[in-house]
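Once you scroll down, you'll see the structures, which are given as structure tokens.
Two complexes are shown next, each including chain A; its partner changes from chain B in the first to chain C in the second.
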Partner chain A sequence: MSKTMTRRGFLRTSAAGAALAAAGVVGYAEWQSGRAHADEGSAASGDVKRVSTLCNGCSNECGLWVNVRDGVIHTLEGNPDNPNSGGRMCGRGHGFAQMTYSADRLTQPMKRMENGEFEPISWDDAYAEISEKLMGIIEKNGPQSFAFIRDPRPNINFYAPRFTAALGSANIYTHGAACNLSLQSAYKHTVGGGFSADVENAKMIMFIGRSYADGITPASMKKLAELSVNGDAKIVIVDPRFNNSGHLADQWVPIRPGTDLAMLLAMSHVLIEEDLYDKSFVNDHVLGFYAFKKEVEQFTPEWASEICGVGADTIATLAREMAQAAPAAVIEPSWRAAFGCAHQNSFMTGRAVAAFNALLGNYGQKGGALITSSPSLGKLPASKFPEPPAAKGTRVGNKEYPLAVPFMGTNLAALKGALDGQIKAMFFYQSNAAKGYANPKVWEEGLGKCELVVDIDVQMSETAMLADYVLPECSYLERMEAVYTLGGKKHTVSLRDKAIDVIHPETRPADQIFRELSAACGVGKYFDFTVDELVEAQLATVGLTVDELREKGIVELPTSDFEYGKVPEFATPSGKIEFYSVTIGRAGLSPVITWQERKARPAEGEFYFVGGKQSVHSHTMTTGIESLMNISKDYHLERLWMNASDAKELGIAEGDTVEISSSEYTDKIDVHVTERLMPGVVFCPTHYGGSSPYLKQGYGFGICIPNFQPFDMEPGTGATMSQEFTVSIKKVGA
Partner chain B sequence: MSDMRQDQLALFSALFVRTDEATYAQLTAPDSWAALAARDSALALGQPPSFDAYRHFMNTMLTPGVPGALPPVESLYKDWGGHRAGLQHGQGYYLGDAAQHVRAVCEGLKIQVPDAFQAMPDHLVLLLELFEYLRVHAPAQDAADFAAHHFDWLGTYRDVLADRAGQRDDAALEEAAASYGQVLACIEEFVFAGVREARMREGHSLSEERSAEEVVLQ
Partner chain C sequence: MPRYGMMIDTRRCVGCFACRLACQMKNTLGPAEGFVHFEHLETGTYPNVDAEVVPLQCMHCEDAPCQHVCPTGATFTNEDGVVLVDESKCIGCKYCMVACPYGVRMIEEKSGVVEKCRFCWSDELGGPNSPSCVSTCIANARVFGDLDDPESEVSKAIAANDAKPIAGDLTKASIYYVR
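For the complex of A and B:
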């Protein structure tokens, strides 16, 4: 055989002097001993490379210092100058770094074969095939047959909209429909944009559904802890569940899921009826107050109590206490939790939150609701960074869901477009839509109807498993990204930078993928620059250099105009806080803030369902991280929570397995019996329920919540209505 | 390297690093396949997997990034490393101590690790090539030491491959996994035989009763 066969040799060796050279390097024990000595030396001499970058364990973009030894990630620490990390890192941040070396990483481009299996494909072949198919689809069906969905990050926020526009499509979306689209849209149409709570200066603060201790930003958590420990402030959590921030709170107000709006309207009723609102502020800055006043006359605490389960006295007392603490009193704006995308009335709930804060007159005030600006980078030189022309069409979904904030749009409209044949090609960037954005079966059906699905990701997510091509990006610690700007009381710029060399040579950063793919698609002229050149040009517009930024990790810009006590500008059509909105009326919703039912209501014997985050995970993105999943498993975090009285009635004890069913799906899960949840409601975390037996960390652990969710969209915004279903519970074996 | 060992190494490479159909057919021709068994092995090999079965196994079990795949890379089946923060006792990570040691050996010997294997210098095929190089060019004790530290995971690997294939309700995959299990046993035998040969070349007298494992661990 050997005479006719050429053996593939991988190592390039030379025999010359090998025996001599080998002496002293082959022995494993000697090598370990030598390295230990070297480590001691390097530790003593501080011979560790420190690189400033941004975490990617969630979307907070916390600033980090990465310590690299011998080209390998050694430790990470929060950057104390970064407003999000405040010098700390959460468990997710530490855990997610491990993905860099994980066996679960994609290491080469993959193509789905006819039999459904994936096979490696070269980058050149992948680009050639993808571009041929994509341009063919666009030529035949028009550019609006192409859609791009991304989880927003500094790089992709620059490249994906540019790529989509270069191809003539307006269909660019974020994950927002399954995150905080409802409330962001509500705040845009009520106060002109998002706001933050001035936690550290508040005398009273109310959190509705949101829990800093479960969806951690280290600096926010620190502020809340300090407020709880050191201050005289009153902290209230309104939540069906005594969440983990409850330990820092003065009062837990259990409330039926999806009925926060009733409580908010009744609290507004109390402020107005009892003349406790800030009349001067309302007169100067509110549009539609009298229509709202008339509307809320009917929404008494007694009325609300029947709906939301909170005592009428409690509602009235909370309203009075907030008024007394005003303007240093605030309802925190929340994020995904209770009304980010949960119910049919989430948008209206957001409006009511913004309105109640307005009644307190707290906008711009110390301890109140702060509307701050964001820094703008200057215009890039067109000669090097030519802008593609704006797409001529209207984004799919904009007509039906006109209230969705433009930055996000509703990606579920793209899914509907795929289902009805309008969308033929769909690209994803680190967006596990098929697992978490709506019912997975519907995503599978929609993507199955597309002629081309491409996913850019670091790991083989459920969405990647449905793609025709999977393009592997290197991990966040191996790449540089476009400049990240952060607004607030201070304006800052920071950078996700490359801490280590690319580990897997066939993975590439997104900027390179877009540069090469756009060239294959014939629109390379809009991407004819490296990310280093982009960053350099971006920083030059604010008078900074890359070296300056790298040295400090974060740089404050002298552009913030924030000042306590100054009422901010409200970027609404009227320039005022709109309790009455013509725009919203035109979209078919009530122009005045009013009551709106949630859609699904439990029948006799059924339960409300609430899902939520846990501090060790970011949606499904971190469930492949062994150390984080070990925490989940050690503490049995996947369990379904049930109130003790409900459990007793159903004969369920701690640890029993139950069958949980909605209109869409049935599964089994163990129960945690607790007093930390109001009766009539069950809670389950939203991270688990891996569907693939081959994903060793997540399979068979917990349940997948989107499976239970009917495919539906919130009127006006197109949010996913992630908790608009009820469930029945039955003890297994009973 | 003897022709026999070279042929065996060629087969191992093809089975663990993707190759085309023509090459695979050549390598798995009956006489080639029979040569797979080490000279002093009593192993009985069945038929080699067909190219389709090989491709299926390669796609589902050996391709990095595919959920549930088990790439033949030593670091993934050992603790990552005792001297590093965070991951020292974690398993399932590239570039652990095993890989760092292989890199150091290659650097010491001025051997270039190919670009495609930069993240996995401890890939089974590279380990075998490096071992063969040491067997021929280095003192026998070096070859034995390398074998002892870098092929001790093959038993575990054989077991997890079989277990994982068994989870898939896929008879073809299970059959291929069984073949791969036998091949892995051959690889162990290949290594043990290599160490024996190297030591005998240096004049060591080895009683036939002593097991190959003892030789490696001596």
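For the complex of A and C:
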């Protein structure tokens, strides 16, 4: 059965949506004219209010102030008291707010019919049909045949695990396998959890693949710009591409993709060989140092240079400079970038980053690597908020991928489960898995084998196109969510709050969807409260009220125990930084940190491939937004980057169209010729190539990178290995 | 009377487009319209390269070519040194677009008026309403204020960094760049 929406079905549902939406403001132009009107009337009589909320344009949860005029969003600003926004707001955040007024939003529940077309369905009918199918599947196959995948956000982090557990399933996942699962798992097993770089106090900071200018947290960007212009620190960017943070750096170190590990091992070799490491710190806080020392004896800068393409002298000098600046020297922990989920050796690369920082003795030190705690809310009263019992089974994938961070798990195991017939029902929340987490054709096959696929989203994403039921959530500016806690040097609580009334009457917030759906599934007793009641109860556990939080937008809790100079606790089995890990050894990987190859290597004439983010987009979820896509189109942001010498050899000029092929896929794309990329490597952003006709702005623009990626999982963690492929390029018409 | 101006530090700018988008929203521009444009400069050859992004917008020139050529007086400079457009007088002749050496005037689709950056001028407030390109900038690359007040943040920043208008003395621009 074809799962693609036909043109006719698409038009019909659009028309239905437009009719329903007539009550509110729908479409960019209508929104703008409404705003212009509000402007004129606002001076004397307009209803102007400022609402504090959290952005939903990525997972930073930046605090915002929303200026609302006559019930319409006017402008947004960063909340200066919020540690992530630092009072600023990035472009995609401004753009993402406009999705609220998009004419392309989902406006009513949809059901895929026998003929593959989507038809509107009432909420009551959708709940009745979904619950009947879901409970039937669970009765027949057991609760472990159900899986839930979400992009973690405050609300869904509360509701999705609760809903999954209430149904007796352990199969709850985040998008992590396609984000930073490898490195988060590496840090967990090496230093006990994630760490941050103390950017503003660093004397030397090295970024590997990570670019604050491309994958933005505004406050971090501001600190890095300040450090670059007014600080006396040395900033080093290790990346095959001179990324958009390159301009702020003192040194660009181009490196072959997926070989950062070789450079890190050689840098460790230099510190140990030349006695430049922090011996007292290592003695007190490292487990397995001698095994590691023995291991890295062979990993000389000359050895690494052959593999990674960075000069041996450069490697040795960087190591020495870091040692000299220590403990105010740090390798930044990164995010998705080069070793979040990219290669077979990403987990090992993360371990080597954590270990190099340990050799510098920088943990807890000013300008070093900071491990901070997170606040926790108290226990909710069980009478109103009873906890469902923990699921009896083990999450699908935990056995094969035991090193994955428990909060994330590997959602690709659920996909494998669907392919194997083990998973029969799958739910998604704000998760365009089928476009970004692994090869889309594999998702289409896996979801095609499921008996029930349900997607909750604000727009008809490519994953929604593969669902049996699509439940439309109202946008983030139209809903309140569960309390958000943020750890760090300070502990804070903040709230995603409702800035405007719901525009489309048939869209509902997630808390309502779960309350109603769980009741239909017979587990309503775990959801018998509104989100307002939940927030009130959550805040009460830390002695706060909703009004207090609304007034300030963010409140600091007195619970942080952070102080500079104090070596943090390492939450590993040994309580030490584990250069040697029994747990990792048991999972079948090398217990000691060592060299591991990347998997795919280019044959003669082929290229390494690197993907990456751009400042104006967030995964694939912003490609329906007109003002952001106009920037992509005006500035040709979809183009494939190629080094000028490679381009010359292939007879390619700026803007020429090439055919790009991997083992899995072939497509066409225009080329950007540049000196900002290592020869032998091509770069392409990972946002484009939309294939949902609902999202008109991004439909057919650029190429979809996961199409090129073989379906595979990193040993130990189950991460997607998003860059384990090579490509051949030829000029179209040549 | 103040004389408003700005300093843009391209050493900090990473070309993230936040200023263009914040401005677009505040000034109710269309989704394809922007008062801020970007020039992307790449210098050197691999591996010795640098990249600079130069945001361009109305420079609020003391000697504004767009104002000189405007046949109806729609483009004018107010007492605070801000170059503005009187919508009711603009006939959409585009002379200003041709005359502007920075290429930063644009036709606003909804009105047909040839518009440009107005430093977020607000008639209600009788002054600039916190220019959103400045307040949103994630790299803190922009400083705004009174050029005639030597104690203002912008005057001090210009002096400290020896900032210069992008085209020297060409139009006596009120936006200064550090590069």
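One rule holds for everything that comes next: the second predicted complex is superposed on the first by the 684 of 734 C-alpha atoms of A that agree within 3 Å, B and C clash if a C-alpha of one lies under 4 Å from a C-alpha of the other, contacts with A are read in each partner's own complex, and residues count from 1 in each chain.
Here, a residue touches a chain if its C-beta (ideal position, glycine included) is under 8 Å from a C-beta of that chain, and two chains touch if they have at least 3 such contacts.
In this text the structure is predicted, and so the values were computed from the model without any measurement.
Using the contact criterion defined above for the overlaid structures, shared-chain residue A:627 touches chain B and also reaches chain C.
Shared-chain residue A:677: touches chain C; no touch with chain B. In the superposition on chain A, A:75 makes contact with both chain B and chain C. In the superposed model, A:283 makes contact with neither chain B nor chain C.
In the superposed model, A:644 makes contact with chain C only, not with chain B.
Once the two complexes are overlaid on the shared chain, A:383 sits clear of chain B and of chain C alike. Contacts of A:216 after superposition: chain C is touched, whereas chain B is not reached. Residues 28, 32, 35-36, 39, 74-75, 94, 97-98, 626-627 of chain A contact both chain B in one complex and chain C in the other.
Remark: chain A residues 28-29, 32-33, 35-36, 39, 43, 74-78, 87-91, 93-95, 97-98, 212-213, 216, 218, 221-222, 225-226, 228-229, 242, 244-248, 252, 254, 615-616, 626-628, 630-631, 634-635, 643-645, 674-679 touch chain C in the complex. Taken in their complex, chain B has these residues touching chain A: 3, 6-7, 9-10, 13-14, 17-19, 26-27, 29, 31-32, 35, 55-56, 59-60, 63-69, 71, 73, 76, 80, 82-87, 90-97, 100-101, 104-119, 125-126, 129-130, 133-134, 136-139, 142-143, 145-146, 148-149, 164, 167-168.
On the side of chain A, the complex with chain B involves touching residues 1-3, 5, 7-15, 18-19, 21-28, 31-32, 35-36, 39, 69-70, 72, 74-75, 94, 97-98, 101-108, 110, 113, 117-120, 459-460, 465, 470, 472, 503-506, 626-627, 692-696. Residue ranges on chain C touching chain A, taken from their complex, read 9, 11-18, 20-22, 24-26, 28-32, 38, 40, 42, 44-47, 49-53, 110, 124, 132, 135-141.
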